[in-house]
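Which chain is which? They are A, B, C and D, in the order written, and residues in each are numbered from 1.
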Amino acid sequence: MKKGIISDDFRKKLHVIIYEADTPAGRFFDLALLFVIIISIVAVMLESVTSIRLLHGKELAIAEWIITILFTLEYIARIVALKKPLNYIFSFYGIIDLLSTLPKYIDVLFPGLGFLISIRALRLLRVFRILKLSQFVGASNQLLMALKKSRVKIAVFLFTVVILCIILGTLMFIIEGPESGFSNIPVSIYWTIVTLTTVGFGDITPVTPLGQFVSVIIMIMGYGIIAVPTGLVTAQFMQERNENSNTQVCPNCNSDHHKDGANYCYNCGHHLHH
Amino acid sequence: MKKGIISDDFRKKLHVIIYEADTPAGRFFDLALLFVIIISIVAVMLESVTSIRLLHGKELAIAEWIITILFTLEYIARIVALKKPLNYIFSFYGIIDLLSTLPKYIDVLFPGLGFLISIRALRLLRVFRILKLSQFVGASNQLLMALKKSRVKIAVFLFTVVILCIILGTLMFIIEGPESGFSNIPVSIYWTIVTLTTVGFGDITPVTPLGQFVSVIIMIMGYGIIAVPTGLVTAQFMQERNENSNTQVCPNCNSDHHKDGANYCYNCGHHLHH
Amino acid sequence: MKKGIISDDFRKKLHVIIYEADTPAGRFFDLALLFVIIISIVAVMLESVTSIRLLHGKELAIAEWIITILFTLEYIARIVALKKPLNYIFSFYGIIDLLSTLPKYIDVLFPGLGFLISIRALRLLRVFRILKLSQFVGASNQLLMALKKSRVKIAVFLFTVVILCIILGTLMFIIEGPESGFSNIPVSIYWTIVTLTTVGFGDITPVTPLGQFVSVIIMIMGYGIIAVPTGLVTAQFMQERNENSNTQVCPNCNSDHHKDGANYCYNCGHHLHH
Amino acid sequence: MKKGIISDDFRKKLHVIIYEADTPAGRFFDLALLFVIIISIVAVMLESVTSIRLLHGKELAIAEWIITILFTLEYIARIVALKKPLNYIFSFYGIIDLLSTLPKYIDVLFPGLGFLISIRALRLLRVFRILKLSQFVGASNQLLMALKKSRVKIAVFLFTVVILCIILGTLMFIIEGPESGFSNIPVSIYWTIVTLTTVGFGDITPVTPLGQFVSVIIMIMGYGIIAVPTGLVTAQFMQERNENSNTQVCPNCNSDHHKDGANYCYNCGHHLHH
């Protein structure tokens, strides 16, 4: 059962440390990884600030090399720990792991591609993997479930909003004219979305009375139709809650929806066995 | 049963292709139309961008002519496929179809009306017609139903908000005075709506302490009263859900939407078997 | 039973016309009044626009005099139509009616108080009185009822938000310092409310990293805690709906919560008498 | 039972006045304190406005000294009134009370630390203590309870939003480049949060088409995902309401929160009489 130079035993141990979170070694590995990821993200951020880069560029470069080497070792370990590593390599996290490691090497080999260095921020996505050890999974699964069940309606809603924004954006372009901030239709659509979502940067604003009137209608629409996704998600959350609440059925009278932790049936007084 | 030069047989075939979505030919026609509409909208947008128009004006003009001719053929086919085409011609989609086709011809005949060319963006509305082939109809009908049932309350709410904005806008005009950005009452009302809906462009801002105080009240009102439409729509969505959840149908009188756990039909008193 | 020069009979007729909305005369009076109010508001708005005032100042002045005389006659008629007019004179609408009429006279007698002229916009509040003839009353009563029942919780919420804004505003003043846009504490509090309510004018923005960090916290708080009033009002709306739904009780088995328009009890099949 | 120079009797009387709100003396003390706190906050605010400080600096300084002395006396009285004052001194309100009093003394002793003077705004937090005498406690407890029960889900939501903002902020920095307003990653993340929460200051705005496209996605996300906290809190509020609506108490085991229409106690099976 041996494969190359790596013994099955070693691979198993590595697998426990890297992929499992319930053992002390696995938990320690996850926490250490979380720590390195956060350090690495902070380093990426600080490096982008000109004044800090000028003062502490050397330290940041060293930190980046240490982090890159750690991530490289981890990436190799993840592949080694699996019998069939291809699934991992082409999985979502496999690609994220590679993108977290490569930029520094690319930066050395092809200095012209330096702008790619910021892709390292994708390392942050790896934090979600570590969360498997937390109690967060239950809560986030419930959230995702509720969002998934509303997804067709939310898609219809977003689709309608986008078409509306294209039509209204074109209208604003016709009204305000290409000499104003509404210089072309794509920019007008951008402005319409900025306004409808109530963000309102103010970099472009209508100046004609008619344009201001149409803006007002867009704003009131945006203010009102936010009720639709909110209502959908709320209704879904409440249904989830009801469905998950208590699935016990009274063996005597068949009534359901008992209170959590109830000992006796609310309808016939029969004892409920847990 | 013949009428002019078009045989009934040909008209029927055309009708199946154009107006029905369940046959292969009908589905292909709808998808092709969707494709042309999207291409045409993208062309309208690109044409409005000065730099693109200068570089690729010729190609865009050719594309526009091809699209216009296709839409013209489609419009003629839609009329020919119907025995009584007047209903179509004066329907909502009939007018949209005409407005999608005409602007280019008008542009050639009366070059002075060139600004009308952007009306072509209305072509996008035709996308909604094609959606009849999708599963979206069910979801959007439910959304529309919930919104319709809340419409009186939403109208009362919007009416009150608009009156409030007129009064508060006038108040801001009195406070800030015509020398500030609040140069007249319509502009002040525009600003009030911008603020109440939490858009906040910042093109006009209060500078007097009293004006800022009134602004703060407007903002907090806007932040709070958004709860009203949201609450209305949410409550309506949840009611819809409850009413639609029971799928039992009375075997006697065929009525549906029974209460969960009902033993007898609410309409005819017939016993419902579970 | 006579009182002065006005006969009881005349007063009764006047009362029917002015204060009642169910007779043809009363309905006509209300619609005419609504029309005059809207015309008068539009005139006030147009007058505030400098370019329009310069062009059509004369016509607007004449319109204003006609409207003022009509409102004066109406005010006198309202007093004459009542036996005890003092209740009306000191009521909310009585004061609004007076404030709708006086400004023009004051403007003539004391030209220095010209800025008061815009108080005429309060005329718009009179629109709410006319709404008594509409179906809107039911819907708006339901809205007001739901808001009233949540008012203690909404007050607690707003009070907490205001205190939070004062503390955070002072904090921003300390961080950004008096040389920035945050020139004093009241302005900083104003900015905090602008930010927390997600309005975000952008007339004042933080420039220090620490200030931007605190801003981010304020924004996320504002984005999140809007859930509180929304949740309160929604929960209240849904309770209203449940309570108002159907109060019939089956005379046979005593079960309630029947569907609206049900003929038979869902539980025992007994006939429900309407 | 004496302790130092303060008699037990005096301490008890003081305790009733300062710490209790049900006696006339206690209520008067609370109202007087509320009044002083509000005056002191207004004074702090006015002092920060340059024009007012120049005109009325003397009066404000005197007011500040009077307030500081009153607060000092109150702080001493609070300590004296307790047998074991250490709990108070290191409690939340004990520290707030000290921070409300110290700044003026520090300002005199170490004039260089003058910027600390604004810490006095923390005095406002003391208002929450006085609210113990109001009916607000019930309402605010319900609000806090509902928020607490949703806290894991809200934390998951906020955590996801923050990670999303970091990734999208970095993306915007890569797209718009360091020469634009997006001068470094922290600033880009700040801008992303400003946009996602729909605040939209407009101090930094995207100028490249790609940047505007990504902005649009951020805005629509922000507009949509606000449904999540709102839905969570609403669902929680409604559950609270349902659980609290039934006020029946089991005559046998005293348990409450029975289901509406329950015939038997869920806890002990005892029959509930309606």
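Assume contacts are C-beta pairs under 8 Å (C-beta built on N, C-alpha and C of every residue); 3 or more make two chains touch, one makes a residue touch a chain.
Composition by chain, UniProt nomenclature: A, B, C, D = Ion transporter.
Computed from a prediction, not measured in an experiment: that's the story for all the values here.
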**Most widely separated chain from chain C (Ion transporter), with each centre as the mean of CA atoms** = A
**Prompt:** Which is it for copies chain A (Ion transporter) and chain B (Ion transporter): same residues on both faces, with over half shared, or different residues?
**Reply:** different
**Request:** Calculate how many whole Å lie between the centre of chain A (Ion transporter) and the centre of chain D (Ion transporter), each centre taken as the average of the chain's C-alpha atoms.
**Result:** 29
**Request:** Just give me the whole-number Å value for how far the CA centre of chain C (Ion transporter) lies from that of chain D (Ion transporter).
**Result:** 30
**Item:** Computed distance of Cα centres, chain C (Ion transporter) from chain A (Ion transporter), in Å
**Value:** 42
**Message:** By the touch rule stated above, which residues of chain C (Ion transporter) touch at least two different other chains?
**Reply:** 186, 198-202, 222, 226, 230, 232, 234, 238
**Prompt:** What graph shape do the protein chains here make by touch: line, ring, star, complete or other?
**Reply:** complete
**Request:** Could you pull out which chain D (Ion transporter) residues touch chain A (Ion transporter) in their complex?
**Result:** 152-153, 155-157, 159-160, 163, 166-167, 170-171, 173-174, 178, 183-186, 189, 195, 198-202, 205, 209, 212-213, 215-216, 219-220, 222-224, 226-228, 230-232, 234-235, 238-239, 257-259, 262-271
**Message:** Please output the residues of chain C (Ion transporter) touching chain B (Ion transporter) within their complex, sorted ascending.
**Reply:** 41, 44-45, 48-50, 115, 118-119, 121-122, 124-125, 127-128, 135-136, 139-140, 142-143, 146-147, 154, 158, 161, 186-187, 190, 193-194, 196-203, 222, 226, 229-230, 232-234, 236-238, 241, 257-259, 262-271
**Asked** Any idea which chain A (Ion transporter) residues touch chain C (Ion transporter) in the complex?
**Response** 198-202, 230, 234
